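Look for chain A in each of the two complexes below; its partner is chain B in the first and chain C in the second.
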Partner chain A sequence: MTCERPETSATGGRPDVLAPLPVAWRSHGPRQRSWRTLRVRTSAVLTAAVVLAVLLVPPLVQLDQQAVDLAAKLRQPSWSHPFGTDDVGRDLLLRCVYGLRVSLFVGVAAALVAAVVGTAVGALAGALGGWVDRVAMRVVDALASVPHLLLGVFVVALFRPGVWPVLLSVAATHWLSTARIVRAEVLSLRGRPFVDAAISGGASRWRIAVRHLVPAVLPQAGLAAVLSVPHAMWHESALSFLGLGLPAHMASLGNLIEGARGSLLAGQWWPTLFPGLFLIVPTLAVAGLAGAWRDRIDPRRRSELML
Partner chain B sequence: MSAAASTAAVDAGAATARRRLPWGGMARLTVRRILTGVPLLLTVTLGVFALAAASPFDPVRGYAGDAALTADQETLDRLAANLGVGEPFAVRWWDWLTAALRGDLGDSTVLRQPVLEVIAERAVWSALLCAVAFAVAVAVGTLLGVLAARRPGGLLDRTVTGTAYTLSAAPVFWLALLAVWFFALRLDVLPAGGLTDSGSSYVSFGDVAEHLVLPAGVLAVSQLPWFVLYVRQGVVDALAEDPVRGARARGLAERTVLVRHALRSGLLPVLTLIGSRVPELITGALLVETVFSWPGIADATVRAATAVDFQLLAALTAFATVAVLLGNLLADLLYGLFDPRVDFRDM
Partner chain C sequence: MHNSPAPTASASASAEAHETDPATATVLELRGITAGYERHRPVVRDASLTLAAGEAVGLLGPSGCGKSTLARVAALLHRPSAGRLLLDGTPVTRWRHRAPRAQRTAFGVVLQQPRLAADPRLTLAALITEPLRATGRRPEAPARLAELTPLVGLTPDLLTRRPHEVSDGQLQRACLARALCLRPRVLVCDEMTAMLDASTTAALVAAVESYRAETGAALLAVGHDAVLLDRWCDRVLPWQAVTAAA
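Take a look at the complex of A and B:
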């Protein structure tokens, strides 16, 4: 559905045979394909591992992440504590899993809110056009011209740190790209024959929007939503690191890194290193999966950047 | 002879045509951007005041701080009247705006200084940090991107691209902390933070340069992945285009083809990126300045936010918005300047 975009070629109406080879050919050899398969499989395995760990460890493992053991504080990574212990002797592996759980929860929730808002605004702006479109796009422009983290800092500062301000401030800055993508997609769909056919068939605006336009833009919107999960996690952890994020009793990975600053300056690297790795791995895994998904729904862009 | 003369004339004509810069188009674009930027800025600041009105934040408490706990009601009421608390946010926004146009952005409660002074004092250090980091990121990013693009799918390409993806997923404050641990604590070769040594009473060039290395390096590394990946993609695309094929067919050296032909057209998309990266740069600076206690604007932002210093926060938000808009304008101007095919009227 998305592969009928008009070609924008600088050379105009040149016969196809003479057109330069598309760069995509480079990524179609067997070796490249095997690399891509490997990447997708690794990403899938890692994503599954992250989700399973986050869902299963708290109910299955009967260990208290907050259990303080001052006798075992700041132990180096070892067999009994694979990631070592923090400055009051809590096991860092367990703390990281719980932190990832909090980060992932905030990230997914914020991305969901952002996806719904972005799709609704983008679809309305694209489908209605006129002043609705203009006002909506001005709002998007205005929000896009404030650095996101600064806006988050501002919101959390005014509303006091907590789960809801963090979640809403992250969601408020992540629906913009979805809205833009959905609007552009709807605009290009509006001129398509099947929409014209629906109009001449007497379908109402509402029916066209719900039955024809929204289903057609959902893959793109879903892709944008999936890609915004790691970004939202990153955003939340940055706020928490600045001390403007989640409260200490529901420590996210950002809180863990913030809390480890003292021991880092005393020379202990492990309380800082592992929470950061726990942020990197899900991000890469989700990006790998989203890249594969995009290859499927939009083969034309296969050779482009996976970002 | 006539053929040679006409060739020379054509060459001269081409040269002057190339040298004539689109000043008119650039000026018109700038004016148009200012005309759209002013309402945008007004919207953002109005939104800031609306948000403050909707929040549980109490300006009187914010202004008086702990003194509000012991002050009598009369003083608090007078303070509230002075601050215009009872009035709707649009009125307060208007008062703030008119005062701001006269050059009065109010006083910062946390730094006990006029807001304008805070910004003026700290903007220099933030600009220095960002400029150095940006220059390093562009230079190193271009180099690595070209090297990676030379043989797409090769070992070097895979290493560079993989590292770039991993780095782009790494939170910048985490990188900064690890850099502090490694370079300042483990190797003890660079200072861990601040602008100067704590003992020195004046700012010297060498001292600042030494303190700049780590923050600027980390900020550059955090911006690097995007440049590398985009330059690589631009050059890879350009290598498949006709001009490059033509250059190869004429027997030019591979280095010439790569640098003079592929890189030149491959860098164009990156140019737009440079200006549009300003928000990410500000975000990165916000975190890096916090880790390294660099006395810049971003450091002031975090302190203002922790203490709910509304005047300072509002001014800094407006300031950042202006910076982003200027970045976008700069990107478009550069793009039009370097690519003669671009028409400024389309922007």
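Take a look at the complex of A and C:
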């Protein structure tokens, strides 16, 4: 009898114990959440606008971005030329859209190539291990020890100016981080029991890599690819700005900024500002989307950020 | 545990005596196995074990003593740093991927944690028949799946789900079905039922036993549940007997 009393009181007290604790650390406030969705929405709208502009303006708008009008050179932004004109009277809005088209193409293509190469190298190094891993990772270390703009300049200097050398140069310098990420993921997956089970089920190394390991690292590799799109765009612009990238007649954002250097000193701000904005805004938008995606696929990191 | 004083000695003696008789020939023999994950820090020292055809051997030991490592060595999933492993009297020299496929698939392995042992991207049907696909026998998969699911007690509606959509017990049933998929001659069950309730344990053990009754496969069951292993296995070896007998 005496022992029953504390038990009943314990069960009687249980609802209190199980009641939700007045702790609010898990919930992030409405302000932060709305900022989050605002960031994602803005990024999505801007990215969509950029992609649509780049895809639709050249076929739909029958204007020549190369059309020179020396009588209208270096005009301030106006209704007829919303972004003004450059030093030979070309319309800057049109030039910016064409430049963004080239930069975005180089950025996306280079990021894709870099992601494929990086995933292949990282997956091979991680899955095979041994001397393949050691050699591949030392190559990655050696390449990463050189500043990659310098390496990019070296690659571009081997060829005539054009889109493809720039693409090759940017891709060749951007697969390193993807390779490292994928290798680390594969290494952590390789020791998991489901790989043991697959070995016991008679699977070859190739089968394990293709069926179990690569699908598991694809979200990470895809994220690395998207994150490297803005980076690749900046690199393309940097190479063009240095006069090493695309030929001078092609409108690329780097070329536009480079060409505007002289007029900036004379007080004409618009030939520098608008191409600069066209470089910054899309890269930030893509990076914002990639950041949201990263938060989605890596909730642990998100919860750490919340704390 | 009646023969615990010198189990390996008597087992190998009986194996030698019956070597000419295929029914009781030794399927698997481990001699002086030393294995570990870091150099000069072995987890298993000098372990020896024999498994006759159709025999069920239980390996009983406390947590962390190295019995899982020994089970991994026995299933060719971990290369020992010393010792010999004979499969059907032939010494095994290569491990993991390097082992010939016929040797690897002679073993069916069921691991302790089904969550970790299942690729989260595969449906249960794909998970169970993955060994057939991996060995280029995909056309046989539907028929084998239809045989295995009633054996392990899975219902067809579960087969289209992925591992996170089923319970631990259901997933372990699928893992057992996967281990039985290629009709192994030796089953290695490493703490197969440690996380499961009594009824699921009984069902899984019954599935293993009906498979063994049908095919005459040998069983190496690793665990720390003395009662279960005593009921399940022909002989139960305590860990000390395995490591000291070399």
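Following the convention adopted for this analysis, the second predicted complex is superposed on the first by the 274 of 307 C-alpha atoms of A that agree within 3 Å, B and C clash if a C-alpha of one lies under 4 Å from a C-alpha of the other, contacts with A are read in each partner's own complex, and residues count from 1 in each chain.
Assume a residue touches a chain if its C-beta (ideal position, glycine included) is under 8 Å from a C-beta of that chain, and two chains touch if they have at least 3 such contacts.
The structure presented is a predicted model; accordingly, all values stated were derived computationally and were not measured.
*Asks:* Which holds for A:G89: it touches chain B only (first), chain C only (second), both, or neither?
*Replies:* neither
*Asks:* Taking the superposition as given, does A:I257 touch the first partner, chain B, the second, chain C, both, or neither?
*Replies:* The first partner, chain B, only.
*Asks:* First (chain B), second (chain C), both or neither: which does A:P219 touch?
*Replies:* It touches nothing on chain B or chain C.
*Asks:* Report for A:V155: first if it touches chain B alone, second if chain C alone, otherwise both or neither.
*Replies:* first
*Asks:* Which holds for A:P77: it touches chain B only (first), chain C only (second), both, or neither?
*Replies:* After superposition on chain A, A:P77 lies in contact with neither partner.
*Asks:* Pick one for A:P58: touches chain B only (first), chain C only (second), both, or neither.
*Replies:* Touch partners of A:P58: none, neither chain B nor chain C.
*Asks:* Does the superposition put A:G129 against chain B (first), chain C (second), both, or neither?
*Replies:* So A:G129 meets neither chain B nor chain C here.
*Asks:* With both structures placed on chain A, which of the two partners, chain B or chain C, ends up touching more residues of chain A?
*Replies:* Ranking chain B and chain C by residues of chain A touched puts B first.
*Asks:* Across the two complexes, find the residues of chain A that touch chain B and also touch chain C.
*Replies:* none
*Asks:* Can you list the residues on chain C that touch chain A in the complex?
*Replies:* Touch residues, chain C against chain A: 72, 75-77, 96-97, 101, 104-105, 107-109, 111, 113, 116-119, 121, 130-131, 134-135, 175, 178-179, 181-182.
*Asks:* Which residues of chain B touch chain A in the complex?
*Replies:* Going by the criterion above, the answer is residues 39-40, 43-44, 47-48, 51-52, 55-57, 152-153, 165-166, 168-171, 173-174, 177-178, 180-181, 185-186, 192, 226, 229-230, 233, 236-237, 240-242, 245, 278-280, 282-283, 286-287, 290, 301-302, 304-306, 308, 310, 313, 316-317, 320-321, 324-325, 328, 341.
*Asks:* In the complex, go through chain A and note every residue touching chain B.
*Replies:* 10, 20-23, 26, 31-32, 138-139, 141-142, 145-151, 153-160, 230, 234, 237-238, 241-244, 254, 257, 260-261, 264-265, 267, 269, 272-273, 275-276, 279-280, 283-284, 287, 304-307
*Asks:* Can you check the complex and tell me which residues of chain A touch chain C?
*Replies:* Residues 192-194, 196-205, 207-208, 211-212, 215-216 of chain A touch chain C in their complex.
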